[in-house]
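Take a look at these structures.
The same chain A turns up in both complexes below, where it pairs with chain B and then with chain C.
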Partner chain A sequence: MPRKSTRLDLAPIDGKLLEVTDLHVEFRTRDGVAKAINGVNFSLSPSETLAILGESGSGKSVTAQAIMGILDSPPAFVTGGQVKYCGVDLLTMPEKDMRRVRGDHISMIFQDALSSLNPVFPVGWQIAEMFRIHRGMNRSDAQEQAVRLMERVRIPAARERAGNYPHQFSGGMRQRIMIAMAIALDPRVLIADEPTTALDVTVQAQIMTLLKELQEESGMGLILITHDLGVVADVADDIAVMYCGRFVEHCDVHRLYANPAHPYTVGLIDSIPRLDQKGEQLFAIGGLPPSLTHLPTGCSFNPRCRFATEECRVAGAPPFIEVEDGRFAACYHTEEVLNRERV
Partner chain B sequence: MLKYVIRRLLQMIPVVIGATFILFCLVFALPGDPTAGRCGDRPCPPAYVAAFRAEYHLDKPLLVQYGLYLGRLLHGDLGVNFYGNTVVSELAARYPVTLRLAFIAVLVEIFVGIAAGVIAGVRHGGFLDYLILVSSLVVISIPIFVIGSLAQLVFGMKLGWFPVTAGDGSWSQLVLPGFVLGALSVAYVARLTRANLIDNQHADYVRTAKAKGLSGFRIVTIHTLRNSLIPVITFIGYDFGSLMGGAIVTEQIFNINGIGNFIFRSINQRDGVSVVGAVTCLVLVYLLANLLVDLLYGVLDPRISHD
Partner chain C sequence: MSESELSGLSGQPETVSGTGEDAGAADGAAASGPTRAARHVGVEPILSVRDLTKYYPLSSGVIRHTVGHVKAVDGISFDLFPGETLGIVGESGCGKSTLGRLLVSLERPTSGSIVFEGRDITDLKGSAMRRLRRDIQIVFQDPYTSLDPRKTVGDIIGEPFKIHPAVVPSGKRQARVKELLDLVGLNPEHINRYPHEFSGGQRQRIGIARGIALNPKVLVCDEPVSALDVSVQAQVVNLLVRLQKELDLAYVFIAHDLSVVRHISDRVGVMYLGKFMEMGDEDQIYDRSTHPYTQALMSAVPVPDPQARDKRELIVLQGDVPSPANPPSGCRFHTRCWRAQPACAEQDPELVPREDGAGGHDSACLFAELFSKASEEITEADQIG
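Coming up: the complex of A and B.
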């Protein structure tokens, strides 16, 4: 197997690491075509943290996997758009170059570290594999690097534990190992797909702090995928809210929490339990998300939306436009939503 | 680990004793007379029959016979069969042949079976996949004596690549019988490997391996295969255990002087001492093979601990 010992030479253009333009992904299944991603646009700069927020099936993970080029195809097909990394479209990049981007330039960590690590290899070996494949290092040098990384993500007794298997670690430690593996080669972009969902709350905070610290050290761009508003509030710069494969709102954290511009974001924020409303029934968004094989006409959210009018049902999907300075939303009634009566 | 092995070895003692007892009862219950045909066309004279029965303790009750047998077994003595040969020497003459045959069959299973399974799994849904699936189904459906006879006809007679029968049981003579004996298990191994590989191709750790920037070849050969082979190797291990018990049909077809043939002949001739001795030996071999498989399982899958 050819070993490439150097990094593919790519540098950020105009301060942008990643630019995703009009990304479309569909799943062709026996039951029909599920339109998982329907025109996603965003960009990421070094040291920036973008949180992508959405419920299960909204297309967060599919977006991440499309960027990485690791969607299972079939059934998944990227049907349109561009994913530009340092000015190069990853979607049209030859697979042999793309392999050198994955892990080296753009890395990813996953939700369930137990099943995401290979159960039959020691964790040190799995981390060291990054150096052996991408840097052509020999076994012992790579192992040494792996131990250093385990120390960097604060795994106690790293040297002794490098020979242990994933099942011998706690959930938090396993996620640290995933992180060590992902940051091994100093990637410029790290995509964290629900990194704390499988962990308990105190460990969640530790992992988020670790990610933040690593980002400050290296200046990597961080895409944080989650369905938990609480997790992202402290660490994210921007939040993008996803619904049915579209970004419905995208702005900085403070404005999004203070006053959402899309009815779906309003629903999400209203459904956070609040201490001052203890004992009252929790708010929930009515209805269920539609099936991706049979999306409603017009705005996908219209069947569940209290602001919906005839226009939302008949006209096409609302365009994703700048409604305030640096704030984007896809709704025909943004004004109304922003000036709504507050609870 | 050592404790586990010792415990397992101790557990074998009651199993072996129980197995010998059941065997003894079964042989005792066999109809027919071991002295029949020993004196040419005439029936044997009563004096000869009485002497024969006394010599082999056949005149004593079952439990006494069994007790005498166990006593000898403790000294490693499997007894003398009705032809005056020690059972130990009969087994020693045949076991190497059976071992060689089993070894060839297992090698065929490992190399042909796993390779076919990997090709089918990687080309899931493609032409090669269907070809391997259909041909393995054909092999599973055909009785082994048909496969054996066909192999003799084609590779032995027509092509002349291999000897038609195995006379002295040397390696070269056992290649064709080994392939025939392994054929059935090859089909199972191929299917098992394929199914496990396909299951594992969608595992989360494979997604991680892709995200690490590994090549497709490395993902299959290092990451997926290692996980997929755990059940396959278990199957092969147990199969090796049963193959070492001899293969009556294959040994008959190729005229191999192995354990399977020996037991078959001994049963036919009501040679109880040989039957009990040989089968007890097989029980032990099978138990040891099982122990080895269980230990191997722990080596392959670090999640399994024998502490």
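Coming up: the complex of A and C.
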């Protein structure tokens, strides 16, 4: 464990912080091999917000865990691809160095703040741990830094509350503490895995505003993992939609909402009830997501897709290609989807 | 509704991706007609709740003496009319789930009354209570924990018939369970499967089938879609809308998701710390809200449209919900209200009709008239720190 203040000297290459190419992850379980991620590609620049959108089981959290190198292995195995951070492949990096990347360069916020914090230590101590371990600070200096961080994430009366335990905080405040720990060492990439899912809308708005402000201050790249199309529309620059371990569409937020290029995205956007308009019957995507151990042949979405043809069932998974300038989709019928009749 | 009517209705395949034309026609008529409140003139409410409270004692010390009360529900009144949906929204801890449990008599109220079809049911006991439970049923939030993992789907949906044998004769129960499965869009062949063999959305359908098994008149839905993914959530919401039409159910729909509540509800009540802050028709609440809490809640809901990003006015409430054991004096929202005035700390405003620029609806804000969206110019001028 490095007990020095050295930070691995890595700089963005060609303006890219993170480049994930052809990532594959599978879970080897008793019921068979579940292919959780089947070839994911994306890159992230400083100050960019990329949202990874998907339903439960789509592989969005596994993608984040693979980048951080915190997959439970076994059962999970990375079976292919590269995760390059500033030109260095994290997947082949020795664990000793990886520990210095985590927290220092790339850090992560988890969904459930209560179970991610240690219940038997005061929160100030837990935040200060980042400085004690990664920066080798003494206790009092580290504690001082922790209080400063708690102020930075706008926790009222930070100095007094640093001695409190996680259970003494509300859900929103706990999530702020998680954020404080994540940004403690000024990471260049922050991965937020469903940061507001367990919170009320009013608190969710507070947390999203905080994340946006912190990003503006530090210029970090943000990967926001969520299933909420509303949150994404508010903060993301780019959106990648995941289904059964694949990106099915990836483009900037405005074009994606205005006219989705993949039938799954169409279904997702149509199925949300809108607050600003009272709808009639909701459009629902028929059927259920398939089991990852028994993916359908061809395109994984074909059994639920209204555009599906024979080609989708027999030909291999549709390639993830550029369908418009800077817009990627994995569908044989993109043209048809883009020019579909609007409901 | 009799069983024969039910069997006539079942067997229709669910239109998962239907255009909802018939739903549209029904809704259009309602919108162009008189206001929903006026429609109910002369109609007896099926459920009437008056000044309902539920206090949980807080104990402390070695001898566990009571030191105070958590006022989970603190004076709630409303009427529910046959065939309508009353949506109840609020943040976690506002008492909306406790209210749901009170309505189905899973909890005894501390005071107040619940009148069902003209009969006070607040203190019913024994067989009268059992008889009543047939008419008011509940669907729970979490489809993973509300179904017994060791029972088959047939046992789970059929259990109400064991407790209320008069509803369906014992020989016909199997057939009735299959009919119910079909009605909620599940395969009747799966009657012998266990809950773990189903996905979240399918389990919620099982919960709904159990809820409607006894042909209730009122169904309390406590966060029925919160645990589900968006695409599946839409399926379950559509199912609830269809069942309401087919079975003439009245829903009390409890949820924290304001968009879902707007979609399904005729009337909406906004709860904060055990009380209604505002109540009215769905469009009165969503388009002409007069209570600052409702307005803040609404502004915080992310709109799934990036174009709206800059146009949206986000009212970020400071701090957290105060403890219901020690609610603030006066208006209980005044500690977080961005429009609070000195009077708000002293006077507890009643939920009474207040002007909203188009006829008025119930609101519990002293300055409702001032803060209604219709009088935007005045509010700008009158705004105080």
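Criterion: the second predicted complex is superposed on the first by the 337 of 343 C-alpha atoms of A that agree within 3 Å, B and C clash if a C-alpha of one lies under 4 Å from a C-alpha of the other, contacts with A are read in each partner's own complex, and residues count from 1 in each chain.
Keep this in mind: a contact is a pair of C-beta atoms (placed from the backbone, for glycine too) under 8 Å apart; a residue touches a chain by one contact, two chains touch by 3 or more.
This structure is a prediction, so every number in the text was calculated from the model and none was measured.
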item: Chain A as common anchor, with chain B and chain C clashing or fitting; value: fit
item: C-alpha centroid angle, chain C to chain B via chain A, nearest 10°; value: 80
item: Partner chain in contact with A:174 - chain B first, chain C second, else both or neither; value: neither
item: Touched partner set for A:281, first chain B, second chain C, both or neither; value: second
item: Contacts of A:161 with chain B and chain C, given as first, second, both or neither; value: neither
item: Touched partner set for A:60, first chain B, second chain C, both or neither; value: neither
item: First, second, both or neither for A:129, with chain B first and chain C second; value: first
item: Winner by number of chain A residues touched, once chain B and chain C are compared; value: C
item: Touched partner set for A:262, first chain B, second chain C, both or neither; value: neither
item: Nearest-approach distance, in Å, of chain C Cα atoms to those of chain B in the combined model; value: 5
item: Contact footprint of chain A on chain B as seen in their complex; value: 202-205, 207-215, 217-218, 223, 226-227, 230, 300-303
item: Residues of chain A that touch chain B when the two form their complex; value: 1, 65, 68, 70, 72, 99-104, 107-108, 110, 112, 115-121, 129-130, 133-134, 165, 167, 178, 181-182
item: Contact set on chain C toward chain A in their complex; value: 16-20, 23-24, 27, 91-92, 199-202, 229-235, 237-238, 241, 256, 258-260, 262-263, 282-283, 286, 296-309, 314, 316-317, 319-320
item: Residues of chain A touching chain C in the complex; value: 55-56, 156, 170-173, 200-206, 208-209, 227-234, 253-254, 257-258, 267-269, 271-276, 278-288, 306, 343
